[in-house]
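Both complexes below contain chain A, partnered by chain B and then by chain C.
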Partner chain A sequence: MTEAKPIEGTAASGGPTKRSARSVFAGLEIDGRLIGMIAALIILWVLFNVLSNGLFLSPRNLWNLSVQSAAIAIMTCGMVLIIVSRNIDLSIGSILVFVALVMGLLQTEWLPNVVGLGLNHPATWVIVVIIGIALGALIGGVHGVLIAYIGIPSFIVTLGGLLIWRGAAFVLARGRTISPLDTTFQLLGGGPRGSLGDVLSWLVAGLGIMAIAYGIVASRRRRQRYGFPLRAVWADVTLGAIGTLVVAGAVWVANSYPWPPALAAAYAAEHGIPVPSGGLLIPTGIAIPVLLAIAIAVFMTFLAGRRRFGRYVYSIGGNPEAAELAGINTRLTIMKTFVAMGILAAIAAAVTSARLNAATNGLGSGVELQVIAAAVIGGTSFAGGIGTIAGGVLGAVIMQSLQSGMVLIGVDTALQDIVVGVVLVSAVGIDTILRRRATRG
Partner chain B sequence: MAVSTTGATPNAAPPPRVPLVELRHMRVSFGGVHAVDDVSVDLYPGEVVGLVGGNGAGKSTLIRTLSGAHPANEGEIYIDGQKASISNPRDAKNYAIETIYQTLALADNVDAAANLFLGREITTRVGSLDDAAMESATRKVMGRLNPKFRNFKVPVSSLSGGQRQSVAIARAVHFNARILIMDEPTAALGPAETAQVRELVAQLKAEGIGIFLISHDIHDVFDLADRISVMLQGKLVGTVDKTKVTKDEVLAMIIIGKLPEEVSAKEMAELIS
Partner chain C sequence: MSIRRTASIMAIAALVFAACGGGGATTAPAATTAPAATTAATAAATACKVGVAWSTFQEERYGLRDEPGIKAALAAGGGEYIGNDAKNNAETQASNVAALIAAGVNVIVINAYDPEAILPSVKAAVDAGIPVIAYDRELENANALFLTHDNVEVGRMIARDVVKAAPTGNYAIIKGDKTQTNPLFLRAGMEEIIAPLIASGDITIPAGAEVDTDGWKAEVAQTSMEQILTANNNDIQAVLSQNDNMATGAVAALKAQGLDKTVKIGAQDGDKFALNRVALGTQVVSVWKDATELGTEAGVAALQLCKDPDISKVAGATASKTTGGLDTSALLLAPIPITQANLQVVLDAKWITEAELCKDVAAGSVTGCP
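Moving on, here comes the complex of A and B:
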């Protein structure tokens, strides 16, 4: 493979000033697949922006896109690990609706009636979220035990789960829609009130940029300590600059989207703020679910890349027998991936129902397919062992961009499905062909 | 079974020596078929015991009971004279038993360091993987085994057969094995790499490691082993001292399942012609 060659060779032949694109990417040590996906996303965005006369790349639409992608992205983080270890989870949409209804009933009926904690009590949302996450972990754990310890194929267990938990949700709520929800809980869904505002958003951006800088320096120090070849300084600086620009740019866009006028007026009335003649402009900033999704993606990337658990998940995906012979507790590892998936589905349940301000029986319907598609578009291979959290999150954003873009330019629903289907199959097709070429060449 | 006294262990300890490993009356069945049927073998420190036999003779199955990959249905394993209980690969590793599998058992999608430390990762104080430390250790051990090895950052699937083999060997020798199982270690290798493996076997032997060498290449076994145990159809034909038999006699054990003293001149003549 060309990437394995030392960089000096290619740089010397082309001269240090004229680097080929390939050697630049090799020097940056970024996965080529990830760059391809980012390129695809940019093309998609520009295309939709042209077709929608500049509506697509408006702060308002991009902000909405971020909120719409959040729940899918959160679950994709878990699905990537499930697929990497050669399993599948079809039950996440049903776990989502079941957990959402339990959380809805908890805050509207069970806590007020049994414990005497009314809706909007400050502790309500915390208790609800903790119980919801515990329930998600439990359901994922049950699936995991059946798959890893009993040996039932994950497709079958989670297909059963898909039927069981959606049915159980309907029985539990007797088909009712649970609404309205706790006002603090609602903030988890985003919306202008459930966003950070400009000051906090910039603070988050600052922390993010500092984390990027620290990561680059720390990795350099580690390699230095062992005398390994270092990444070129220009590459480290470029990476840091790109990271900084992306973070700052995203926050700038989120802050450029002001609260809708009606909501701003209501807020002004509540707080006795005089409304200026041009209307009150409150910067929205990063939505809470988006922040949650980013935090989860960072944490899951850490788990996947820097902890034993992640190393084992990838090894099992690469060669299950080798993992077993190496003395890895493969069953426990597989079970943990399903527990993680259950927890993430529960968090997505909180985000989705909070955004809607209602827990309904239709929540999460078909979401498992969107999440699987996002993971696969993001480069996760069904053959196992290959896939990244970052890729999966990008896949989720690509999926959501496609859908949101087509709605914006008025493509009708049937055609939308066709386009998404074609994109899914083509993405995997291109990936398969490229991969085959890479292994043969 | 006589204790072998070969040239490889010049300072032979005074008898009785305790075997490093003893497999006693091992039996492994798949369904109704006895893949391994009442087989007993032993191994002393600094000794190489060759396990030979045709395809399906049960060599690999026997050895998998020792490496924990497939527990035996019956039989007992003694290590240093103490009864050992090995029901999975982790147990085996706790007894310092390392195995180089014929399939190499590498996770193809991760790099050499990840494979070398698979299941035994070096972690930092907070329990995160210390990839730099693992890469450093891998560079050291690979530098000893295969000095030309450079591809530390790529998945092992993109390495050559010989390079993959050296990763598998590095994994077995890095963790201070006392008992090493090598299942067809040279099957996938070219002449130069085979010579390297032979050199390594001699070196490990000198360090006092006991080695079970499985091979269907009788020349390999004759060159490397001190004693040779022959299996046929799941049963042990016998264990012989290399210095006291000829290759043809071992061949007769492999093919017709008879010890040298049991083979008639006619049978031997047929076998050789």
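Moving on, here comes the complex of A and C:
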């Protein structure tokens, strides 16, 4: 995480209200860039909501959006660290399809027929996911060794990986589509049955709010211990309140989306529940892939901000030579970022194929560019050393909001591509200009 | 397969060598007769020698369906087969065609990897007096016989069966990649069937319910379908998908809403998982283009061209225009729509095994499955 510095106003801007708003953000110690992105997202959502006559901000669409963003968000968490350390990974779409096909073949052919577990064995999904993640880590590790220890530029290694793993995927399945998948594995992809329901969702919300409270208190104690200036009490309380509201609001929205009537009726018939006249309303709750994405984002933020590995990544990105001279094992650190990326691509492979209920040959093609775009829109700098996981995840949500929002209001696909391109370049452009102003001021 | 391919490459090399050794630096037309005179071993079967320039064997169908089809047809008609693989490379294919011309083939079948880049090679063959068959990919040359499945008809067939299953209501259309011409042909065929019904008000395509799909990707089609269902509050009765892969995405989106059994969806390709969906009743139709049949027809047409090089006189060929506007002849094969009524067809053709077709299908629910 980049530490938020209070940005002093330049001559051009700086009326009294702006100053006080700034001092509020400074007091809260929130990254101004993050605030900007959240504001952009809110504007985008309101705009789409108006254009779609209130459909965009309906619980159903927001729930859709959360599931559609999950796989990209998961991979963006890894890509941020890769880009921060001045590298790039173009191979993630190909790792995704290769791992997805291996997992698909494992659960539909190898485990049922060769190992003899039979179809839809309860242990299948665990074995499949573990092997998939191990494979992702291995592929990432190979890329990492070639980049960090042999010294081949990451662009070249992962461009090779882009070709190799997609080719390997084709050889493996001979162009077949593997479908349908294991019934338990499918839950990883979300869908009403792959969601937590209202009770569990509220439980998750409760845990989340407790974690936020603990985080604030722990940070206060830590500062006290080291004699750092404390955040004002009002700021701590405000932060806690905002966090609580966001978590509770998100879960409330997810729970306001009831199961589709056809599915609810089928569920009622299965369990012998009488259907009331208004239809059976089963709250859907948080989808499993969304929970996964959130958990991964929290874990990666912790890793990036609080662990030695994460701090090393930022030091290397800030100045590789200085990091090396400071005694950081830069090679090992770089290799680890690619292992992490491989693991996240494998998890995204599980989510994407489970959601589609199929492992197809074209899965994940072009996804590397979406993920890189999400990281960059989220404020990650190609110059290295700058970028946050939270920003990357927000970037992923902005990208997906643009795409599914435009499909919702029926924008022509050619125009969609243009809009996404313009947003990408302007987001980075605005960020660059603001950053230059900040350093000058 | 690699042994066979090596053998065929060696055969070509031998023939090239023989042609050069026998005739020296001859002009191309002279080369067509040279091997017959110089290679005694193949002399008996050179009445009709057909060379095929494949674009790739990386896709399953070519080695498994197209090539055996053409080989069998040639063997039955007393022709000889020579094939080579361009491995998805335009330069390789150009030199492959040159090798076939040098080998003295009587007919060249080109399954173009890059239909633009191969045109000089096509011209060389035509100039050498060798009839050319454009196999499954159109060539902008008036002297090439275009042999393909009729994609406009595929579009009609998808729409016809879906309309039969859902005569009224809201339709969504999932189209393929907008940079290619195939989606246009397919869409034109669909339009012929649904236009009168749209005019009469029986069928409506809601705003935004007709979408392009980058790279024909299933996951993109899934997101589109989710958004179409959201925008229309699930009030969609039928989906016309331009291929089975995208239908996989659309069906996943429908399934998440519990609509996979009620919304009627049709597509094409005869992919195994799609045929399984047809058997299960979650897809109305998958229009199947039999690649073996395409190979067989190429063999039969080549045998006729050996006797008479006029492409317009091939049985079944009709006058047509290329996309670029050249007058030529085309031999368009009718695809076969596979529905629950004729599953036996794909089983008989050994396109799919009964186990694959009937996976999870309730016993006795459809003919063709036990």
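In this section, the second predicted complex is superposed on the first by the 422 of 441 C-alpha atoms of A that agree within 3 Å, B and C clash if a C-alpha of one lies under 4 Å from a C-alpha of the other, contacts with A are read in each partner's own complex, and residues count from 1 in each chain.
Here is the rule we go by: a residue touches a chain if its C-beta (ideal position, glycine included) is under 8 Å from a C-beta of that chain, and two chains touch if they have at least 3 such contacts.
Since the structure is predicted, the reported quantities are computational estimates derived from the model, not experimental observations.
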item: Chain C versus chain B on the shared chain A, clash or fit after superposition; value: fit
item: Touched partner set for A:G318, first chain B, second chain C, both or neither; value: first
item: First, second, both or neither for A:M79, with chain B first and chain C second; value: neither
item: Which of chain B and chain C A:G410 touches, first, second, both or neither; value: second
item: First (chain B), second (chain C), both or neither touched by A:R222; value: first
item: Larger contact residue set on chain A - chain B or chain C; value: C
item: Partner chain(s) touched by A:N61 [first = chain B, second = chain C, both, neither]; value: second
item: Which superposed partner A:A297 touches (first chain B, second chain C, both, neither); value: neither
item: Superposed arrangement, angle subtended at the Cα centre of chain A by chain B and chain C, nearest 10 degrees; value: 120
item: Nearest Cα pair across chain B and chain C, whole Å; value: 38
item: Common interface positions of chain A, toward chain B and toward chain C; value: none
item: Of all residues in chain A, those that touch chain B in their complex; value: 1, 3-4, 222-223, 225-226, 228, 302, 305-308, 311, 314-319, 321-329, 385-386, 439
item: Residues on chain A engaged by chain C in the complex (per definition of touch); value: 52, 55, 58, 60-61, 64, 68, 170, 174-177, 179-180, 190-192, 260-266, 352, 355-358, 360, 362-366, 403-404, 407-411, 413-414
item: Residues of chain C touching chain A in the complex; value: 58-60, 178, 207-209, 211-212, 214-219, 222-224, 226-228, 230-231, 234, 245, 248-249, 252, 255-259, 262, 271-273, 359-360
item: In the complex with chain A, residue positions of chain B that touch it; value: 67, 69, 88-90, 93, 99, 101, 103-110, 114, 118-121, 123, 127-129, 131-133, 135-136, 151, 153-155, 157-158
